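For reference, the structures are reproduced in the following blocks.
Okay, so subunit A shows up in both of these, paired with subunit B first and subunit C after.
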Partner chain A sequence: MAGYEPVIGLEVHAQMRSRTKLFCGCPTDYGAPPNEHTCPVCLGLPGALPVPNEKAIELAVRAGLALGCQVAPHSRFARKNYFYPDLAKGYQISQFELPLNEKGHLDIEVEGEAKRIGITRIHVEEDAAKNLHGIGSGAVTLVDFNRAGTPLIEIVSEPDLRGADEAEAYLKKLRDILMFIGVNDGNLEEGSFRCDANVSIRPAGQTELGTRAELKNINSFRFVKKAIEHEIARQEGVLQGGGEVVQETRTWLEAQNKTVSMRGKEEAHDYRYFPDPDLPPLAFDAKRIEALRQALPELPEAKRARWQKDLGLTEYDAGVLSAHPEVAKYFEAAAEALAKRADKMKASEAGKKVGNFIQSEVLRHVSTDGLSATFPVGPSAVAGLLAVVEDGTINGKIAKKVFATMVDTGKSARAIIDEGGFAQVTDKGAIEDEVRRVLEANPSQVQQYKGGKTGVLGFFVGQVMKATQGAANPKMVNETLKRLLDAP
Partner chain B sequence: MTSFPWQSAFEIREQVISGAMTAVDVTRAYLARAEALNPKLSCFLYLDHEGALAAAAQVDRAREVGEPLGPLAGVPVAIKDNLCTRGVRTTCASKILGNYIPPYDAHVVEALRASGAVIVGKTNLDEFAMGSSNENSAFGNVHNPWNLDRAPGGSSGGSACATAAGLAPLALGSDTGGSVRQPGAFCGITAIKPTYGRVSRYGLIAFASSLDQVGPMARSVREASLLLEVIAGHDERDATSADRELGAYHAACGRGVQGLRVGVVRAQLDQLQDPEVRGAVEAALESLEEQGATLVDVALAHAKHAVSVYYLIAPAEASSNLARFDGIRYGLRVSGEDLADTYARTRGQGFGPEVRRRIMLGTYALSAGYYDAFYLRAQRVRTLIRRDYDAAFESCDVLCTPTTPTPAFALGEKTNDPLEMYLADIFTLPPSLAGLPALSTPCGLAADGLPIGLQIVAPPFEEEKLCGAAQVVEDACGLVTSHPPAFA
Partner chain C sequence: MAEPKIKLDEVLHVAELARLQLSDDEARQMQAQLDSILGYLAELDELDVSDVEPTFHSIPMDAPLRRDVPVPCSDRSEILAEAPESEAGGFAVPLVLEVDS
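After this line comes the complex of A and B, so read on.
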């Protein structure tokens, strides 16, 4: 095992979150009835012509900028020619020479060690349709063109990855960034983030690359790691057995836990790329690129660093709260609202309180679907709840109860507190009355206390809280008990 | 007033507007003539009685209620069968599209309908517009109305024949390397290949996307200019459509040629084998001089490579453009043993020999290892050809050449020698490769009665100059009232 070093490069196809397709106005929504979102252009009907979707191309530039790429002032669409029923025109409009973005990088961390992975290029292309096999009676294949023409970016890494762990870290980070900049919804199940891996191994210390196999069909982070690990082991086995690794395309069979050959080098396609004569070159001048750079949303890493510095979060908390762009947005909104409402509260204090409450109470009610997420209550409602804890109206324990009611009824914290009489009893006289009643009812415990067993104080607090249904201000209860018990 | 069927589009519109004739009567008359003569000429693949009469009735209704009438109100127009017509079979004269009915209208068809034109039918062509004699139609070849044993030219032979023989006053063709000009010359009519980008290609079934343009065909320069005015203009559905101001083409016909510098490539004229073609062209040049133009000698050093360049670039683009005809979504399907076999059978049986030849040529030119030597080099020489024109247009305003080296050749004469056939396009190819506007108009009749065409070429978007110069030639040679004797 120690004798070989794996060398891995990844190609990621990410669907861009564009409302409409890359070359026509059809919607990109997932889940519509088959062939509902089609027109002459995405069906490749004779005479129809592609017109580039500016917004989608700007999203691709955004991805390039977020990944440190140089955006080409002039880039070209090219045709990739091959026959398949899911390809309406007999060619895919992609980019070959002169891609939109080149020479970027992504910094990853594996077991505390930082590493920079080069990104060769990020180009724009259209997605194919979807073949649906075995529909109805007989071995019929039908084609659904709803997906045809959906805008994709292909992100090609340098062969800088040295193991399955690094590959996994690269993919997770890449997905994270693409989601936070709103380019991709990160939905692996629906196939909007897909990965192919080029894997080779070489004797440790050798600079020359070994023969690579291309792994297709690895569409979950778990598969990626397993598939690459298996492929590395397979190639080691081949070399150790005195054989040679052949250049080929292999596919990962999850059920059988192995990769199998799809096609060899000699069966590889000649795609006959050439510039698409239907599409003039894409032009981006420096001013437009700069404007897009300025408009780039904050990247997740920068966000986490800022939260730790300004909003009082630990690295762990920052990680949990930035797991999804909508959760991050929610946290920031709630923290800001609380700092504004609560008197003299520092941003870091508000951040910490909101962060804790979201993690312990809110998150279990949150569900995400791609880039969207649903929350039980709005961030300002949470801030409102924490503000009344802060001003002493209710305590933290009651707050959890009130929150549960907010989730169930959609009412505001204030309304629930008023209706339920949850407000803390802060009336000094009322608390003293209650404390006296408890002390009178429990003379033996009073004796114990006076005899030095001060631990029974907790018992008295509990009794008072019980009697007030949790509404008494615990701090005042404590003080009153001590004052009366310690009185000579 | 000229009598049926030789009235001009202007006269027909005038009669319809004045009420001397209804659009329905005009349409009926032309449909009847076409129905009677088409068996002899084979210029129509389909006569749309129902659609044409409905469109004509609409014009008559609009007139009755006093609505404004378009520039082609009630004028019958024949359409080349590679232009999509909604609900009307569009075949490209190919078996592979023998039963194809488009769900949408081409841009130029929409423009015609909006102008009040009556589309009478779809005209024959070389399969997918690939050919110079119309003998490559899967549905029988067209005859030249001046001599039925002669070729009408191609690929817009059906449109040229229908116009020349008085089956329709106007027609649309498409021109990739001379496909409106060469049949225009052979059939003795005027045909304009607009600047690349002047007319939208949306709905024109692509042959070679970087060269294809829709062009007007008519028996007079003025009518062709009017038709150009109707179809030209920016269209957002074609990314190569130019967003530039339209010219006043019809008005430009009366401007004359006073002070116009007319470029002539002397060496080209001197090398002409056919003395009658040379004589007719010289006479046209003299008449231009008489009307105030000056002749200037210019050189086009790289034009001699145009045939080689064209027959690499056009087939390369065609090989990709025609990939969509795979038998999966529409058109002919010949089922085979598996998917690859179905493709092979469908395309093998669906395409004719010339189309298959060009697909093979183009596929080869784009293949890995040959791309640089063929496709890329051809593109470089194409640039040199364009630069030659740029230089020539510094010393002249328009450039004159014969349209073809000879008048119409005999049917069957060149079918066994594709290269000989390709050489018939030597004068029309260079302006196509340079994207320039070019017009062919009759400038004489040979001793055997066959028409001879003069080609006039102008700088990009200066079609007005073509119209002005062509009108002078038309007035001088007096052929506008000459019609094919057998059909007069």
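After this line comes the complex of A and C, so read on.
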């Protein structure tokens, strides 16, 4: 079998998180009744004048800067002409010549190997309306213009990707960055992060590109991989059967596990772009670009590296705690609060303790929705709890019980401990009494210990903790056990 | 007659993109008219503009920007009343099949 090399380029459309649409003041909130968020501009009524949204443009520049692009001092809007019911004006306002951002890159890692993927351009455009099928009488298509005019960036990669794995890694990392810089909510299912893939194959070693198919409708990371893998296999089948790959648009049908041709779209690819006479050029001076660069939030990769260096996290922990921007913020706030509260605690120690506790206890109570997240208690409450563990008032095991009560009642750790008798037993006499009882009840293990099997110490500690329902200070239990057992 | 600046099949392609149905006579009429327009514009090619900056816009100004603050939207019932047909709050158009399979 001849070896083929896949060549993939990705086009990502990401909705930007501005409050209003790109060219009018209609809100971008998701879920309003159909056509409630419309006006003459986003309905494309004659005579309406589009005025760009400053925030949306800044978000697009932010994305460009985060992806290493050159931001154009002058860019311009163009009309992309085609007829479809989701496009009232008969054209989409987009950018063609002179896009806002060009020549960026994204570094990905697949199976331990780093690779730089070029980003050709990131331009600004308005979203189309939404066509609803099979609603009402079912004999018509209903058009909802709430989404029309929502600001998008289209991020176009170079054809640098060589497989479905690389495409998936690229998309995950891109989504991660856009979420951390607050540009996009990363919601594939609701369509605020959409991906089209240009896929072609060529005999290994050939430099000339093969004919490509454009894959649409890939709305989950699982689909991305499957759709691209299927398309590569389909093209290999076509070539091996002596056929030729046709340049066309194909769509992924998840239910049927295959891509199918969207026939008759070829003519529509003649978009006849021309500069939009309603919109003068968009100007960005170097000073403003620099100010936006300075204000760029820390990127997730830099954050993870810093956490490993300064906050005592492993690579794995850093990955888990940076899975969502709000979780990352929560972790940082709790770690900082604990380091402040606990005497002489190093940032790395506080980070490690908070990181462990969030992963083992807090995360299962956290739910996320787009860029927002709901936490059971605030980060300072977690720091307060871990601080009373640190000062010896309670041990780690009790802390979990106290945390459960905090989640249920919303009270602080200190208040719960004061009310509930959770405070740790640090009374030397009481601990010694308990230790003596355990030793008397287990003479054979005492003999084992004295015979050199010091490993049974853990057994004794466990027995004492059990007898005190976890309330004894483990360090004191350990010391008392050793003192009594090692006594001649 | 000199070679026309636009071929007949180009005229038909543009008509197709614009959803226009032209008879043979109309297409040839359009070709003749477009040919004279293109011929007129071709006079510009005679000028040397290599030192002239491209004009982005007819008015020399930068785009004014709008603050990201929501404003009241239009009344939906008024908007839909202007449409030939509407249903369930949406503009009703002939059924669009998104995929041929």
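Definition applied: the second predicted complex is superposed on the first by the 426 of 488 C-alpha atoms of A that agree within 3 Å, B and C clash if a C-alpha of one lies under 4 Å from a C-alpha of the other, contacts with A are read in each partner's own complex, and residues count from 1 in each chain.
Just so it is clear, contacts are C-beta pairs under 8 Å (C-beta built on N, C-alpha and C of every residue); 3 or more make two chains touch, one makes a residue touch a chain.
It should be emphasised that the depicted structure is a prediction, and the values quoted were computed from it without experimental measurement.
> Return first, second, both or neither, reflecting whether A:343 touches subunit B, subunit C, both chains, or no partner chain.
In the superposition, A:343 touches no partner, neither subunit B nor subunit C.
> Quick check for you: in the superposed arrangement, does A:85 touch first (subunit B), second (subunit C), both or neither?
both
> Touching A:272 in the superposition: subunit B (first), subunit C (second), both, neither?
A:272 contacts both subunit B and subunit C.
> Identify the partner contact of A:25: answer first if only subunit B is touched, second if only subunit C is, both if each is, neither if none is.
Second partner only, subunit C.
> Would you check which partner chain A:52 touches, where first means subunit B only, second means subunit C only, and both and neither mean what they say?
After superposition on chain A, A:52 lies in contact with both partners, subunit B and subunit C.
> With both complexes superposed on chain A, which partner does A:244 reach: first (subunit B), second (subunit C), both or neither?
Neither: A:244 stays clear of subunit B and subunit C.
> For A:113, using the defined touch cut-off, is the partner it touches subunit B, subunit C, both, or neither? Pick first, second, both or neither.
A:113 sits against neither subunit B nor subunit C.
> After superposition on the shared chain, which partner residues are touched by A:208: those of subunit B (first), subunit C (second), both, or neither?
Neither partner.
> As a test of reading the superposition: which chain, subunit B or subunit C, is in touch with more residues of subunit A?
It is C that touches the greater number of subunit A residues.
> Classify the contacts of A:280 with the two partner chains as first (subunit B alone), second (subunit C alone), both, or neither.
In the superposition, A:280 touches subunit B and subunit C alike.
> From the superposed pair, tell me which subunit A residues show up as contacts to subunit B and also as contacts to subunit C.
40, 43, 51-52, 81, 83, 85, 143, 270, 272, 277, 279-280
> Under the touch definition given earlier, write down the residues of subunit C that touch subunit A in their complex.
13, 16-17, 19, 56-59, 61-71, 73-74, 76, 79-80, 85, 87-96, 98-101
> Considering only the defined contacts, which subunit A positions touch subunit C in the complex?
18-20, 24-27, 33-40, 43, 51-57, 74, 76-77, 81, 83-85, 98, 131-133, 135-137, 139-145, 251, 253, 260-264, 267, 270, 272, 275, 277, 279-283
> Mind pulling up the subunit A residues that touch subunit B in the complex?
Residue list for subunit A touching subunit B: 40, 43-52, 79, 81, 83, 85, 88-91, 143, 270, 272-274, 277-280.
> Which subunit B residues qualify as touching subunit A in the complex?
83-84, 90, 92, 97, 100, 102-104, 106, 201-206, 208-210, 236-240, 316-317, 319-320, 322-326, 328-330, 339-340, 343, 363, 366-368, 371, 375
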